[in-house]
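First comes the structure, then the notes that go with it.
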């Protein structure tokens, strides 16, 4: 249950998988993302509501074939340059994209967690997302005749999240902004959780989400594993790292140098 | 915002309303139900997943025209005799019933809270509930072609719940088994909450549901207002009262005596 | 020398408890199912993960709750979730191994009635209704039914299908889109019935000590078939009986 | 005698802040909208109920968050709910009075683009995408857009409709089933645009001190109509400016 991160990623994540790394600004599983890059995983369909710098890094490193998302940016800073480069120039690889709104992605995870084939919502109506994404449709209410939007469930092969704590049975506890992690974990076939620490007893915390150990496949202890995002009660968001990423991400050579020096991964493609 | 219970009921509950009193075994708003009887409200459509003794009392007193529910009984004891008498003999009035499963009612409240006209679920398939309730239908997944069940949102005119605490702004805090109260409150046009106490500051409690004051129309301080059900952290379930109700509920005369003596309401009908 | 004696409810409860394996997840209905699940957890299945529909996940009550929402269930749970979550994220999503259900009527194909005896619109007896049962019967990997045997309760066809067992026979569950295996055992105070793998019809596969097969067929409202080998239920052990009695407060 | 001066961002922020009434609920996007909402809360609207899409309801941060999910938002909220809850139970259910949005492009009918400049399949500039905006624009009782004026940003027709404003004119929102009123004001560093009640087309209704109408029409990529009475925005007060500056860290 409690495994070193490299072993957990090797066991649970495979080439070609649909992988969701979730965490809404808070508790982003950055260290696990870096391990996926280090292991050179390929052809992943990456799912995330808010792909930010760790997804920029995964895309830049050539791990992804497709990105399913609703908002891709460097929050509070600007654009994701590796993402842009992949979309507009196919570097290092072409990247398919499937684009939703937050409300749509949210409900796709809810449907996945609920064992339903799809979800309904009031959304998308009149937008150009509709014509550009076959995974946005409509159904009609059999009682009122009203039309509502429909989106298919997202069922990741693996969901990866970061949490504050777990116990030895793999029960996982997270609090603060809890985002979509519960649904993302419940929607997945396999679940990997990196944590700040493993403790003997998970004393209840107000606002907590507790994921029972029976839905968690591996817990890896990675203190600081959400940095440069933050872990409520453990460390703050490192805003300077987000700002610094802008410059690294802008340039293919700077990015490749970062890959080699910071991650220990090979350069991504001819610059 | 903080009103005496009689005034809150007079202001928020009207003849002919659709009224949901929720609380899943825990925190049942019994005192508010008794006030509804005392004020002689009529023609109500009563909604509740688990109508138990307070609904038996409301039905016996002739407040209800219709009951929408998924399980009606005296939990751990047996049947509801006033409910049976209304269904099988129309005493004191005929009672229409609309019957769901818990999963169906739950999702009806979720749809109501979400501003959706209906909800989908895997449910009802093959049961005789389907043919006997026009509010159970199906829709087809536009992506997979799978058929799933559909139920309309429930949108009560008033939802009444009981909670442990509120503050003076009407923020309401409840914990323990939190059931369907959040959704029932959010689904309603008006919300009345009886509480054990009003406090200056709602210190966070693990597992709490906090309902922001802006969705609450009135808070009434009614210590013990959930008895004979229980209020986690305040008092225990009075199992003997549930058992004692069996005998009172069985007999029209005993019930009428109870109405007059315990509630101060007139007898319900010719026995 | 010790003479062990027990009531018919006690052997029913013990037999049901034995159907649960350690570490299974079990959706527990109140009454006999709750007693049986708690016996299992205190005997051979200490890791049994009990879920009550009130939203208490992984609860380990130190006494039997009277209702599905007693405070003790919340106090001792791994976590308490809302009612939408327990039904949508846990039950509907297919995460529960075994559903433990009671019933007022059950029929030849293990369909369950907890709604009405007689006609729905002018019932002879109005029962509590569906509760969680239809979706427990649909979505748990398997269902175990626990109820007392009588020809009024074991009928050829239930008056109202509250929860689908095997429909009108093999293949009906698939046709209806029900994902779990449905009722795999019906445990009564007389013995054990299981669906014939070929037809889905309930047949007698076990009898409790001292019970004659004729007693069971007598107490069944259809022409009950008997398995080739009807197994005799092992008698409750001293430990099992003392656990049952400590829970129910008997003796 | 005091001479008050301010930047164009500052008067934009102050003007946007003034659009919020006390006790309103406001769905706040990051950047300029967040600054404006926090200015309102610290000046004339202390009871403003701010909701960020990360699930923080009724948050009162003591400094400006850099992202929509900073820890300060959770620490100071009335309650933190999950992302499904904030979108389904709060936004979709129509409980939010005002949505405060930014945009990369806006058009004559206040449709908003935050997705791509150029063709969707081979974009000139790839932008972050939709985020919460389509449903904020659909479901809030009204929407206020805050963005800097330029003819690249204010275009006749957006390259991609990420969020619907008034579609192709009056009646389109109803036809599309969008329940809120849509954008009621667009506040820029030059002035204020509002939809014509008859056609839904944005017209110039206000200019900031020192701004000429010609400057605004110049900076607009369509033939901008001007209201009969173009109102001059009142200058920011000392208090407003000091609040803006304390939040943004300027002077």
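Per-chain numbering from 1; labels A, B, C and D assigned in written order.
Rule of thumb we're sticking to: a contact is a pair of C-beta atoms (placed from the backbone, for glycine too) under 8 Å apart; a residue touches a chain by one contact, two chains touch by 3 or more.
Remember, predicted model here, so these are calculated numbers, not experimental data.
**Q** State the pair with the higher C-beta contact count; candidates are B-D and B-C.
**A** Between the chain pairs B-D and B-C, B-C carries more contacts.
**Q** Report the inter-centroid distance (CA atoms only) between chain B and chain D in whole Å.
**A** That pair's centroid distance is 41 Å.
**Q** Once you find the CA centre of chain C and the CA centre of chain D, what distance in Å lies between them?
**A** That pair's centroid distance is 58 Å.
**Q** When the C-alpha atoms of chain A and chain D are each averaged to a single point, how far apart are the two points in Å?
**A** Whole-Å distance between the two chain centres: 28.
**Q** For chain C, which residues are shared contacts with two or more other chains?
**A** 79, 88, 92, 139, in rising order.
**Q** Chain A: which residues touch two or more other chains?
**A** 115-116, 121-122, 146, 182-183, 207
**Q** For the protein chains shown, what form does their contact graph take: line, ring, star, complete or other?
**A** Basically it's none of the tidy shapes, so other.
**Q** Can you list every touching chain pair?
**A** A-B, A-C, A-D, B-C, B-D
**Q** Per the contact definition, I'd like the list of chain C residues that touch chain B in the complex.
**A** Listed in rising order, the residues are 30-31, 53-56, 66-71, 73-74, 79-80, 82-84, 87-88, 91-92, 115, 120, 122-123, 125-135, 138-139, 160-164, 167, 172, 176-179.
**Q** Spell out the residues on chain B that touch chain A in their complex, using ranges where they run on.
**A** Listed in rising order, the residues are 115-122, 135, 137-144, 146, 148, 150, 152, 204-208.
**Q** Enumerate the contact residues on chain A facing chain D in the complex.
**A** Chain A reaches chain D through residues 24-26, 49-50, 69-73, 75-76, 79-80, 83-84, 87-88, 99-103, 106-107, 109-110, 121-129, 132, 146-147, 176-180, 182-183, 207, 209, 230, 232, 236-237, 239, 242.
**Q** Would you pull the chain C residues touching chain A in the complex into a rising list?
**A** 25, 49, 57-58, 78-79, 88-89, 92-95, 139
**Q** Applying the document's contact rule, which stretches of chain A touch chain C when the two form their complex?
**A** Contact set of chain A toward chain C: 113-116, 171, 182-183, 186, 210, 212, 214-215.
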